[in-house]
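Note that the chains are named A, B, C and D in the order they appear, and that numbering of residues resets to 1 at the start of each chain.
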Amino acid sequence: MDRGRLEAFSDGVLAIVITIMVLELPRPEAPPGHEDLGGTWDSFVHTPNLIPTLVAYVLSFVYVGIYWNNHHHLLKTTHHVTASIMWSNLLLLFWLTLLPYATGWVGEYPTSIAPTLLYNVVLLATAMSYFLLQSRILVAHGGKESDLGEALGRDRKGWSSLVLYLVALPATFVDPHISQALFVVVALIWFIPDRRLEPVAH
Amino acid sequence: MDRGRLEAFSDGVLAIVITIMVLELPRPEAPPGHEDLGGTWDSFVHTPNLIPTLVAYVLSFVYVGIYWNNHHHLLKTTHHVTASIMWSNLLLLFWLTLLPYATGWVGEYPTSIAPTLLYNVVLLATAMSYFLLQSRILVAHGGKESDLGEALGRDRKGWSSLVLYLVALPATFVDPHISQALFVVVALIWFIPDRRLEPVAH
Amino acid sequence: MDRGRLEAFSDGVLAIVITIMVLELPRPEAPPGHEDLGGTWDSFVHTPNLIPTLVAYVLSFVYVGIYWNNHHHLLKTTHHVTASIMWSNLLLLFWLTLLPYATGWVGEYPTSIAPTLLYNVVLLATAMSYFLLQSRILVAHGGKESDLGEALGRDRKGWSSLVLYLVALPATFVDPHISQALFVVVALIWFIPDRRLEPVAH
Amino acid sequence: MDRGRLEAFSDGVLAIVITIMVLELPRPEAPPGHEDLGGTWDSFVHTPNLIPTLVAYVLSFVYVGIYWNNHHHLLKTTHHVTASIMWSNLLLLFWLTLLPYATGWVGEYPTSIAPTLLYNVVLLATAMSYFLLQSRILVAHGGKESDLGEALGRDRKGWSSLVLYLVALPATFVDPHISQALFVVVALIWFIPDRRLEPVAH
C-alpha cells in the first residue's frame, strides 16, 4: 500500500476536524426579554459558555495541530503501509473525530466533572492510538534497533503525556480546572515538533 | 482520464463522510425540570439515543474505513479511467454520503424496524455500487482473464457480504438486532484488507 | 502558478459541497400528537419535504458530479494558470457552494415558484462561470485556433444547456415542474463526459 | 519537513472554511402567522438578515480566495519548512476558521458596532499572522537580501491593508458601514494576485 493516500486521507480528516469545531461555538444571543441587546458586546460576553467554548476551541485546535505535525513526521519514516498500520491510523482518526464533540461539552460545562473526564478520556485514547500506530510502524521497519527505533529512543514526551493524562483523571474529581491546566501543560510539551525523527525522515 | 484526481476526490468525500457523522451525535442534555443535572454523567447516559448513536457511529466509521481501504486497493489496479468507471465511482460515493443520515436514524430508534431497514438498504446499495465499479474496472482492463480478474477470483468476501445483507432484510422484521448483528459480521469479514489485489497493484 | 494546487483546492470544495448537501435532508419525525409513529416508514414518508428534498439532492449530486468531471477534463488542457483563470475558477466554486442552499429550499417547497427560480439562477450562473473559465483558459492557450479551441468546436452541449436554463426561467411561472424537468434534461445531456477534450489532454 | 503536505493540509482547511460559511445563511422562512408566504420571494427578502448575510458571505468568500491565492504564491518560494513556519501557518489557519463565525454575526447585525468590530479583529489578526508567516519564511531563506526578500520589497499591499484595518477599528464607532466599506477596499487592493513573487517561485 502507498503512503501518499494514507497521508491524503488523514490530512482530509484532520483538516475537517480542526475546522468543524468552530461550528460548536454558540452564536451570541441577547438574553430573553432584552432583545435590544442583540449584536452588542454584552450579548457576546453573556452568551452562556461562549468564552469557555472559545478557550476550549483554542486548546483543541492546538492539539489537532500537534497531532497533524507529529503524524506528518512519523509517516515520513514509513516506507510501506501494512494492514495493521492502516487500522491503527484509522483508530487514531476515530478518537480525533470525537474531539469536537468533547470540546463542545467542556465548553458548555467548564466547571463540571463529567465533561472534563470525557475530554480526558478522548485525549488519553488518542495518545494510546498514536502509541499503537508508532509501534506498528516500528514493527514493520525493523523494531527498536532500527534507525526509527533509535531516533524515538526512550520517547520521553510520549510517556510523560500519558502520565499527565492519567494523573488528570483523579484530579478532575478534586477540581476540573487542575486537569484542564494539565492538558495545557501537555500541549506545551509537544508544542515544539519532534526533532528526533527529522534525521531519519527521507 | 487521470487516476490521481479520482482518488483525491474520493478521498475528500470519504474523509468528510467519516467526519460529519459525529455531527449526528446528540449533545448531552439535562432532562426537562432537572436543569441541575446538566454536565453530569446522568445527563450523558440518559440523553435519548446518545449511546445507541455512538454505537451506530462506531460501526459506520468502520464501514467507511473498510470502503476507503478496499477502494484504495482496487484503484491501484486501475490504469485508465473510463466514463463508466467515473460514474460508478460517483454512484458508490452517493450511497456512502447517505450513511451518516441512516446512522443518525438508527441511533435514534435502534429497536424500530424502519431505520434498520434504511441502514440495510444503504449498505446493500453501497455494496452493489462497489461491485459495479469493480466490474467496470475489470471490463476496462481485460476482463476475468486479466491479472486483476484472476486476483479477484471468486470474490468470496464480496458475495458473502451481499448474501448477509439480503438475509438481514427479512430478519429485521423478526428483530432489528439480528440484522444489526449481521452488519457487524460483515464488518468483521472485511476487517482484514483484500490481500488478493496486492500482487497486481503497482 | 501551478495547476496541481488549483485542482486540489477545487476538488476539496466540490467534495465538501457534494457531501454537506446531505445535511439538508430533514430527519424523519413523528407527526405532533403521534409520537408513537417515531421510527416508522409512516414518519419517513410523511415528514414534510423529505422525499422532495431527497429527489432534489440526487439531481444536485449529479450536477456537482458533472461539473467535477468536466472541470477535470478542462484543467487537464491547462498548461499555465493566470490570475484571470484563478478568479473565474473561484467564481465557479462560489456559485456551486450556493447549490446546497438552493437544493434545500426547492426540497422544502417543490411546487412553489421562488425556490425553483433560485435553483435556476444558481444553475445559470454556474454555467456562465464555467463558460467564463473556459474562455479564460482558451485565451491563455492560443484562442479558438488552438488545439483546445478546435476540440471545443461549436460547444453544442454548453450552448444548449444555457438555452434550456433560459427557457426554464419563464416556464417556472407556468409550472415549476416544467423547469425541474428541463434541469433533468440538461443533466442527461452532460451525463456522458465531454469526449471532445480527451485527445488534447496530456 | 515537506512543503507538499503543508500545502495539502492548508488547502483542506481553506476549502472547508470557504464552503461551510454557506451553512450560516438562514433558510427563508414565512413570517409567523403568514405560513402561506412560505416559499415566496417575500419570505426570501423578509427573512431577517438573509440579504446582509449573503453580502457578508460574498466578501468573506473573496477574502478566503485572496488568502488561498497569496498563500499559494508564498509557499511556492519556500524550500524547507521549519517548526516556526509550521506554527505560524497554523496560526493563520486558526484565524481563518473564525471567519465564518464572524461573518454570521455581522450578517445578523449589519448595523451594530460589536459584530463589525469582531470581523475587523479577525481580519486584522489574520493579516498579522500572514505577516508572521512571511517573516518566518524570509528568515529561513536568507532574509531581506534574498531573492524572496527583494521580491517582496517594501510590501506596500500588506502594509496598506494593515493601516486600513487599524483605521477601520475607530471608524466602526462612527458608523459600521464605513469600516465595511474599508474591508471592501482592502479586498479590491488584493484582488490582483501578488505578481512580485512570481519570478522567485520555482
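Quick note on the criterion: a residue touches a chain if its C-beta (ideal position, glycine included) is under 8 Å from a C-beta of that chain, and two chains touch if they have at least 3 such contacts.
Just so it is clear, the model here is predicted, and its values are computed rather than measured.
Summarising the inter-chain layout, the chain whose CA centre lies farthest from the centre of chain B is D.
Homomeric contact chain B/chain C: same residue numbering on both sides for under half of the interface positions. Between chain A and chain B the CA-based rotation angle works out to 90°, given as a multiple of 5. Centre-to-centre separation between chain B and chain C, using Cα means, comes to 26 Å. Averaging Cα coordinates per chain places chain A and chain C 36 Å apart. Contact of a single residue of chain D with at least two other chains is seen at positions 8, 12, 15-16, 20, 23. The touching residues of chain A, when paired with chain B in their complex, are 1-2, 5, 8-9, 12-13, 15-17, 20, 23, 83, 86-87, 90, 93-94, 97-98, 100-101, 104-105, 108-109, 112-115, 117-118. Residues 7-8, 11-12, 14-16, 18-23, 25, 27-28, 38-41, 43-44, 58, 61, 65, 68-69, 72-73, 76, 191-193, 198 of chain D touch chain C in their complex.
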